[in-house]
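Pasting the structures in now, so scroll down.
Below are two complexes that have chain A in common, paired first with chain B and then with chain C.
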Partner chain A sequence: MSKTKNIYVALAFLAPALLAVVCLRIWPALLSVHESLLAPRATTYSLENYIYIFGDPIFQSSVWTTLFFSIVVNPLQIAISLGLAILLNNKLPGTGFWRTLVLLPVAIPASVSAVVWAAALRPDGLMNALLGLFGLGPQPFLTSPQQALACIILVTSWIGVGYWMTILLAGLQDIPKSLYEAARIDGMNRWQQFINVTLPQLRRPLTFVLVADTVSNFLVFAPVQILTRGGPQRSTNLIMHEIYNRAFAAGDKSSAYAATVVLILLMLTIVAIQFRMMSDKGES
Partner chain B sequence: MSIFNKAVRTAALAAVLSSVSMVAVMAADVTLTLISAENDAVVAPVIEAFEASHPGIKVEHQSIPFESMNAAIEARIGGGDSSIDVLFVDSPRVPSMVARGYLKSLEDLRSEIEPLVTPVALDALSVDGTIYTLPLWTSTQMMFYNKDLLDKAGIPHPGADQADRLTYEQILDLGSKAQAAGAKYGFAFEQIDRYYQLQPIFESIGGGSGLTGAGNLTPDITNDKWVEGATFYAKMFEDGIAPRGIPAGQVPPLFASGEVAFLVGGPWRLAGYTSTEGLNFGVAPVPYFANGKPVTPTGSWALAVSPHSAHPEEAMALAKFMTLDPQGAFKTVEANPIPPVNLEAFKLYSAWFAPKFPGVGDDAQKIMGYELRDSAVSRPLSTGFVAFEEVMNRVFGDLRNGADVKSTLEDAQRELNSTLARIQ
Partner chain C sequence: MANIKPSTALHIAIVAATGIVFFLPLWWIFVSAFRPEEDIFRYLSPLGIETFLPTRWTLDHFVTLFESTFARSIFNSLFVAVATVLGGLLVCTLAAFALSVIEFPGRNIVFTIMIVSFLIPFDAIALPLYQIMRGAELQNSYLGLILPGLGNGLAVFLLRQFFLGLPKELREAAMVDGMGWFQVFWRIYLPLSGPAMISAGLIMFIFQWQAYLWPLLIAPATEYKVAAVSIAQFNSAYGVAFGPIMAGAMCISLIPMIILVFFQPYFSNSVASTGSKE
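Our next item is the complex of A and B:
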């Protein structure tokens, strides 16, 4: 088979995926850029929508809230996922049961999880009843601007951790046992094995989990909409919710498009930095 | 080769036959999609009646949560989705939807609509004198009280006459008393953080609707009276008389389960409450401020045909059946006792209402009569109403959770100034 023919065959196989990427990703992104440059009722391109959103304290606060949320939630979820993966990689009694239990929230739609948590986190809900058993006073949870974002982090982590854990677990099981045997012969303790064998060997799955988790946490929407609708006092108004609000509540689609472009650029920048850091680490 | 030819011929014949039968099926059956924020049970009687009188047309109802209705309309009607045929439209949202091209003029139906509705109702269906929606329901409110909780606290049952109307100040006192005697909550609004039910607080105290100026596009929510009304509202929660952290949709069941002494709610609650075993309740007029005037909310859902409907004629037939046909319009309220706007249907509704709810039906009917006549205030008509309502609902949520009243209102005023300027 000639090289050209090979390329055609490869393209034919790739066509459905490429078509999906163009129609569902690239085209909407380009459309967002186009629309974001058109101010309401305007027919010529301008940066008016961008000037408007960057001058708007509500948009500014949603960007800061999102960045703070990302800085906390991503390391937290990855650390918990990795911890659980290592724990469940050992031959503990009932490992299959525990793995299923941790993975179960992934199988439940995010909206259903949020509804269940909304009931549990009500002032007269299950969580406060549990705190009461331990002699702790009732907490305001979702009604407090100081606690609501922490509740969103709790719910998104509850949903996501099992999924990321499964990927890391698969990565752990791919590490050759001989590497650990060699490390033990060299006199490494468990911690040294983790640092010198497990982490370097997990670099690829960890890079994937880091990037995918970051992107998915930038796009968190359902738990915010169901649990807090961005409140109290905009303390949980993540950028996705702000875009939704602008487009569908305020009916200001122009500024929603501009905010979408800002979100895409923000995500691309952070993901590019992550790739760079992870590959540098690998080379060193 | 002959096997191949045979297979091709068979496949071609099957394709022709299946396409013929498809056309036959499509000609015989049209399925319309109706969207609303109501439960399926509310629209089931009218759908059943429509399908019986219009063979070949089926109606599928899609229930959308109230909070998502704006977004669903923006996304689906705004996106040209042809799968929606008929939709419920909250009356004050009509100007905004017309401005975005989501509603078509219904002027050709003026001669059919005009004789069936009051001039005030006709205004609510129109923008700048052009009719855009069909008349479905109107609304009013009453105050439900739990007789057993009041008896325990030694509180006399409030009367149902206008002269018996209590003040908000009295209600908070009585609510606290009921709590001291065992009620979990003293007083609550059914739509606990929604503008529709809370507008009367600010109108009663003299603060206005919150929108003013040309086209109602200027926010006015930081005047002294608004601050006073909002302080009263926030205090209800601060003092624990009304519940925090419970979504609006979960408040009505609190009254049904005997946890709330007084609840301001719509007549649509009567169906559920009268059938709740062990719930012993009465109804009274909505409270007012001692230094203000009685005000109750009004307005409700109207009906519209989507401009993108794939079956515009059948969709219009359904919309007309639900609104202009007296029997059809009455069927829309049979499982949801809210007054229909159609005057002929209202006569059927009036005759049916009181006997349907023994014990409270007479009082409820009396209250609805004078509230709709004397104290009803509509939500402001404005192309910016949808944005205003969304912001205000968030403001009420924040006040409920303990946010500072003055700074919250000032912040919302700034946001509204900025948002509404984009609409102007």
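Our next item is the complex of A and C:
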């Protein structure tokens, strides 16, 4: 049986998926590149749209906001997920139930979470009531340029950390018990065991979570559109919302395409790393 | 249970408190959905037992909700998600089979291109795809909603990993018996891949159930609007009536929650297998 003859069989099996990749991924990506190189009413390619968006203070501030958001939200979510994974990595009665509770928000549409948090973060909402328990006065939350982005971080973290916890939990369970026994014999305390055994053993799942979390946080849209519409004072105008605004609210498709290409290139780089890690693992 | 160690008891308490903190907003949705509108924000200050347990019960919000177009939205969401799972499983298992069992030149390149392009989160290309689909007159149609969910990189990846784990002898023996490739796929591999199909199906279901930006763009008409989009537009449609919003949120949340509770091991395994296990 020759490998070359198999190619036709393989193509037949792959045909629907290949069609989906070409029509639904590659074609749109190429269309963005094409449209992004055409300035409004122009017939020849130029970099005008790119020059325009990178000179535009609104786009610039959106990029900075997105970068700042990433730098804060990714380490924060990973730290919380790791903490949860360690906390819930036990065989105590009922742990499976509590794990499911932490995971539940993942399954709910982000738009539903956003709508509910909109109610919870109202000045007279649940959040201020909880803060009241600790003797803290009511906070403006979504209407404050200083607090709105923190609220978006809170909401996206509530949604997402259960998912990342699940990955890290699996990683924790793969660590051989003997390593901890050896560490105890060496006289290491809990903290030293965490630094010298847990963290190095978790390197792969942690890196994976970092990459995958970064990708998903670059594309946060529903919470921004529903909770703040990018405000107040553009303090929560993350890049996905900026592209959407440009294309559909402002009707400026040309510069929205340029922004899309920038986003796709960024994603492609991160996803390529993610893929490398996923396939390395498949071979080992 | 009588002589439980204090440190263990503390651990259980912390674990339970964490679970409750995560569940609290959901519980608040459920409680608010069943209480009269004026009670929703009434018992928040000071916080007490009434905050989380309704004193007066009502089903009014659900009546309001299902007399509106929301029932249609729930149906649309279900229809789109189920159709995506069925169609997507077909597309993804066929592809995964070719990429794991059939040996052909260029397999790794095809695999790489396919997975990388599927892994780019779909929302990133929503704008150009919208332009293309509008050109194909697929706006406000089920096809427009379903198509983008059919090829799922994670599903192909999971199914391929599963197929790679099955012994080669299965295929070789079947082919000696005179089976063709399609028969090998249909009669040997498919019947064995139940657990992997459940995991892949779950991923696709949740993907579609959660979709927001794409349905917002491609299917804004009431007839095709999905629940995740509907609920976000309640604010403007009902003024600031939180009762129907909470009832709607509860309906949309319950379906994936029930699925997750029943299939949690499958979901966890599939999520975990992308990150750490082989």
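Operating definition for what follows: the second predicted complex is superposed on the first by the 230 of 284 C-alpha atoms of A that agree within 3 Å, B and C clash if a C-alpha of one lies under 4 Å from a C-alpha of the other, contacts with A are read in each partner's own complex, and residues count from 1 in each chain.
In the analysis below, a residue touches a chain if its C-beta (ideal position, glycine included) is under 8 Å from a C-beta of that chain, and two chains touch if they have at least 3 such contacts.
Since this is a predicted model, take the numbers as computed values, not measurements.
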Which of chain B and chain C A:Arg229 touches, first, second, both or neither: first
Chain B versus chain C as contact partner of A:Phe68, first or second or both or neither: neither
Which of chain B and chain C A:Leu142 touches, first, second, both or neither: first
Touching partner for A:Tyr45 - first (chain B), second (chain C), both, neither: neither
First (chain B), second (chain C), both or neither touched by A:Ser255: first
Greater chain A contact set [chain C / chain B]: C
Touched partner set for A:Tyr244, first chain B, second chain C, both or neither: both
Residues of chain A that lie at the interface with chain B and also at the interface with chain C: 118, 122, 124, 244, 247-248
Complex contact set, residues of chain C against chain A: 8, 11-12, 14-16, 18-20, 22-26, 28-29, 32, 40-41, 44-47, 51, 90-92, 94-95, 97-99, 102-107, 110, 112-121, 123-125, 127-129, 131-132, 147-148, 150-151, 156-157, 161, 164, 181, 185, 206, 209-213, 217, 227-229, 231-232, 234-235, 242, 245-246, 249, 252-253, 256-257, 259-261, 264, 267-268, 271-278
Touching residues (chain side chain B, partner chain A) in the complex: 67, 70-71, 74-75, 96, 100, 243-247, 386-387, 390-391, 394, 397-398, 400-403, 408, 414-415, 418-419, 422-423
Interface residues, chain A side, partner chain B - complex: 40, 52, 56-58, 118, 121-124, 140-145, 229-233, 244-245, 247-252, 254-255
Chain C contact footprint on chain A (complex, rising order): 3-4, 6-7, 9-11, 13-14, 16-18, 20-21, 23-29, 31-32, 35, 84, 87-88, 90, 92-120, 122, 124-126, 128-130, 132-133, 158, 162-163, 166-171, 174, 204-205, 208-209, 212, 215-216, 219, 221-222, 225-226, 240, 243-244, 247-248, 253, 256-257, 260, 263-264, 267-268, 271-272, 274-275, 278-279, 281-282, 284
